[in-house]
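Sharing a structure here in structure tokens format.
By letter and in written order, the chains are A, B and C; residue numbering begins at 1 in each of them.
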Amino acid sequence: MTASPTRPGAEAAPSGARKRVALRPLARRLRLPSQPLVRHSILFVLGAGLFYVLTVNVGAYSDYQIGEIAVYAIVLGGLSVLTGLNGQFSLGHGAFMIIGAYTLALLQLHTHVGLVEELVIAAVIAAAAGAVVGVPAARLSPPYLAGVTLMLALGLPQLSAQYGSVFGGEQGLTTTPPPAPGTLSPERWLAWIQLFCALVVLVLLANLVRSRFGRAFRAVRDDEVAAAVSGIHVARTKVLAFTVSAGCAGLGGALLVLSTGVVNVGEFPLSLSIGLLAAMVFGGAGSLVGVWWGAVALVYMPTWSTSLSQHLSLGTSAAAYLSDSFFGVVLIIAMLVSPAGVQGGIRRIGQHLWRTVAGPAFEPVPNDPSLAAPDGTPSEVAGVEAATVRMDQETKERSRP
Amino acid sequence: MLHVEGLSVRYGPVRALDDVSFEARPGKITTVLGANGAGKTTLLRTLSGLVRNHRGTASFDGQRITGRAPESIARLGVSHVPEGRGVIAELTVDENLRLGTFVRVRRGERRAVVDEIYERFPQLRDKRHRSASTLSGGERQMLVIGRALACRPRLLLLDEPSLGLSPIVTAQLMATLRELTTGDGLGAVLVEQNARSALSVADWAIVLNLGRVVVADRPARFAADADLRRHYLGF
Amino acid sequence: MALFVDILLSGVAQGMVFAAIALGLGLVSRATGIVNFAQGAMGMFTTFIAFSLLSRGVGYWPAFVAALAAGAVLGAAVERTLIRPLQGKPALNPVIVTIGLLVVLEGVAGSIWGNVARGFPAAFSQRGLVIGRTRVAFSHFDVFLVCAVVVLVVAIVALFRWTALGLRMRAAAFSPEVSRLLGVRVGRLFTLAWALACAAGSLAGLLVAPLSSFSPYYMDLYLVYGFTAAVLGGLLSPVGALVGGLVTGIAIALVGGYVGPDLQPIAALAMLLLVLMVRPQGLFGTAGVRRV
């Protein structure tokens, strides 16, 4: 990619454009407060309102799907931070979802703790597993990291068959969704819980991105040696990113099996793990708004491919493969042409529109965190977007694992 | 044989070569001198096809070589000896030499060509089955030059062959080079930091400064003109 | 004791398949510095091509050869269209591309042939040989399998060691730029390395299809075991791949026989991590020569 939407060629900027007024990010133009916590909280409330309106206007099945989208947004958010911000990646996030899912099911089976505790414990256990994997992962170059996480995605599910008495073997374990208050349908209540969790997690991630840790993540991504020289503990930072990311996946897995009512490893095949990576790339690596595009693709792609294969009269079995192939094609195309995903495309269009409507564009100065947010569509969360990076930039080539 | 006309190369906004023109003739050594960053290595890399030029042409025996792939330029008989680590350290000495013969030497004659190189550099014969990584700096330089000769080249492009060599070995190297380039045979373009020894063997010298040719003259002129030497060559 | 011998023998047979995959991974990695995670899927795809030919009445050996040829063509095509454009990009990009290719190939195979476990014929009897009075877990087919992989390894070693083509391939892998300056057509040799590697992957696919439930996903686990074997063997030498394959095969068989077959992938992962942490250059590699 020659012209990144987030970093228009600074050397070409006219000196006038560097003035503070011209540099104001979108958030300021919309009079959003510059404090990240306050700004993200406001966006949280806006998002919650939007989803409330959305869910009360749809049926039970759509409630289920909206909840599913929220769940994948959580998982993709964690993955996006790992890849877009820290330059690592994982082909095994399905495994962390499994860990969260089984933790929740086992807690429901053997204990009487509340839903919040269940979810927190599920996330923590998955995060701990992430830390364990993250320690060796931090030392591996991309091909080895890919191999190790691929094996995790293939190997972990088989444990449930090995220890059938604990994990219920192929049938798996059952889960009970939380009882809905009043007249609310259980599906809608659950969808709200899932959406609430998604918004909380994304706001937390957005704050993390803007924090000291987020800066350390980016520094390690851009240049490990330079980061180490600047006093950042590279290995610890990478492990932390992996831990956070796995925790998100665990929470997502736990929330997902609340909807399905059953946990078994068949729900988390290798293609899910790869699909997660592809969906994250599809939305735009590092973009916490883009994760919603990825989540929508993950949830609706099977439906769309079913109707497409009916349309093409390919037979029903082809449908599942179409959707898998779609994600494979997304990965290949993204790597060959390195776009910033759907959100990157939207931003570019938005930038163009904004320029034609509002006159000369501002030039973000990447080094100034308060100004680093790029301009774009009114729908996007300034600041979070600054994290968007190009896949081809983020991982420095290393010669050894 | 080599005809360079208005050659320009850019790395992004940086002009590495700007309108460079010169000629190299059979049996003659043309030396390219200049400070660090003057564009000497870029010039050789452009001539051998590793770097794309931005303007101008270079032609070899009437055939245009700018825009061609390095392997196809090598097949015409232009042998580029890159700076420093041109030895393939993972291969043996013999394998390095044989590699040179694959393109321009017929199958049946390859062994004889390699033996010829051993005649010229007997030290290499003693270590023929050793890994090239075990050679000393001088031996490595012999090996890369020997390998370039095994290509049966018509033009040698040498990038800093004296780098890291002792004065005695450098002098031997220059003598060998002079011996190889006689009559209407092999021509050479010799890029050197070590201007004194390069000028001692060259037939023609050009000086690059910030990518431009600032002087092009006979080596004798440098011997005569102390100002010129001080200004561009620092001695 | 008889159990132990049987486990060992099945480990050897499996290990040979891992070795063939590891050899292919090593060929590609050595030439282009890439680990081809689609190698197993490519082998799966060409084995399905053989399957289609067999079900149309083509004989076993013509189908066998056709699958190997299809593997070579597929490998060369992938190198030209997907891998070459990534030259100069970070190491992450080709890894992700091969992963994407893995998913696409499995998807395409699934939509053509369906996701049902089928039987794939073996060239020779799969009943255990009788040695003395006992029947051991080693069949005529296993003998063929071991021989096929050994022939492959010997052929690759001979190619690299004794032929001019092999010398050029090694030179191109170690030092592409210097090789080009010597007139070596490096791009073609990289394509050739991919073709050879994917033919080796096809061989692995054909050999292992009768031993497993033959579906679009049957090579997934073999790929990761092959990857383990490749890392164990140091990724660079064909003999390393052979030994790495044998070690992995026997270790996996022992875990399967004495602990439980479902723990095999996790055991392989543990083995891989151990090697990567303790001896990243592999059991036979020397530090500093690895390119990936």
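By definition in this document, a contact is a pair of C-beta atoms (placed from the backbone, for glycine too) under 8 Å apart; a residue touches a chain by one contact, two chains touch by 3 or more.
Source: prediction; values computed, not measured.
Asker: Comparing centres built from CA atoms, which chain ends up most distant from chain A?
Answerer: Looking at centroid distances, B is the chain farthest away.
Asker: Could you name the chain whose Cα mean is nearest to the mean of all protein Cα atoms here?
Answerer: Here the chain at the core of the arrangement is C.
Asker: Chain pair with the most contact pairs?
Answerer: The chain pair sharing the largest number of C-beta contacts is A-C.
Asker: Hey, how far is the Cα centre of chain A from the one of chain B, in Å?
Answerer: That pair's centroid distance is 54 Å.
Asker: Distance between chain A and chain C based on Cα centroids, please, to the nearest Å.
Answerer: Computed value for the inter-centroid distance: 34 Å.
Asker: What's the distance between the Cα centroids of chain B and chain C, rounded to whole Å?
Answerer: 43
Asker: Can you tell me which positions in chain C touch chain B when the two form their complex?
Answerer: So the residues of chain C in touch with chain B come to 164, 167-168, 170-171, 174-175, 177-186, 289.
Asker: In the complex, go through chain C and note every residue touching chain A.
Answerer: Listed in rising order, the residues are 29, 34-35, 37, 82, 85-86, 89-97, 99-108, 110-111, 114-115, 217, 220-221, 224, 227-228, 231, 260, 262-266, 268-269, 272-273, 276-277, 280, 290-292.
Asker: Please output the residues of chain B touching chain C within their complex, sorted ascending.
Answerer: Touch residues, chain B against chain C: 48-50, 69-71, 74-75, 79-80, 82, 86, 88-91, 95, 98-100, 102-104, 147, 151.
Asker: In their shared complex, at which residues does chain A touch chain C?
Answerer: Its residues touching chain C are 89, 91, 136, 139-144, 146-148, 150-152, 154-156, 158-159, 161-162, 270-271, 274-275, 277-278, 281, 314, 317-318, 320-322, 324-325, 327-332, 334-336, 338, 391-401.
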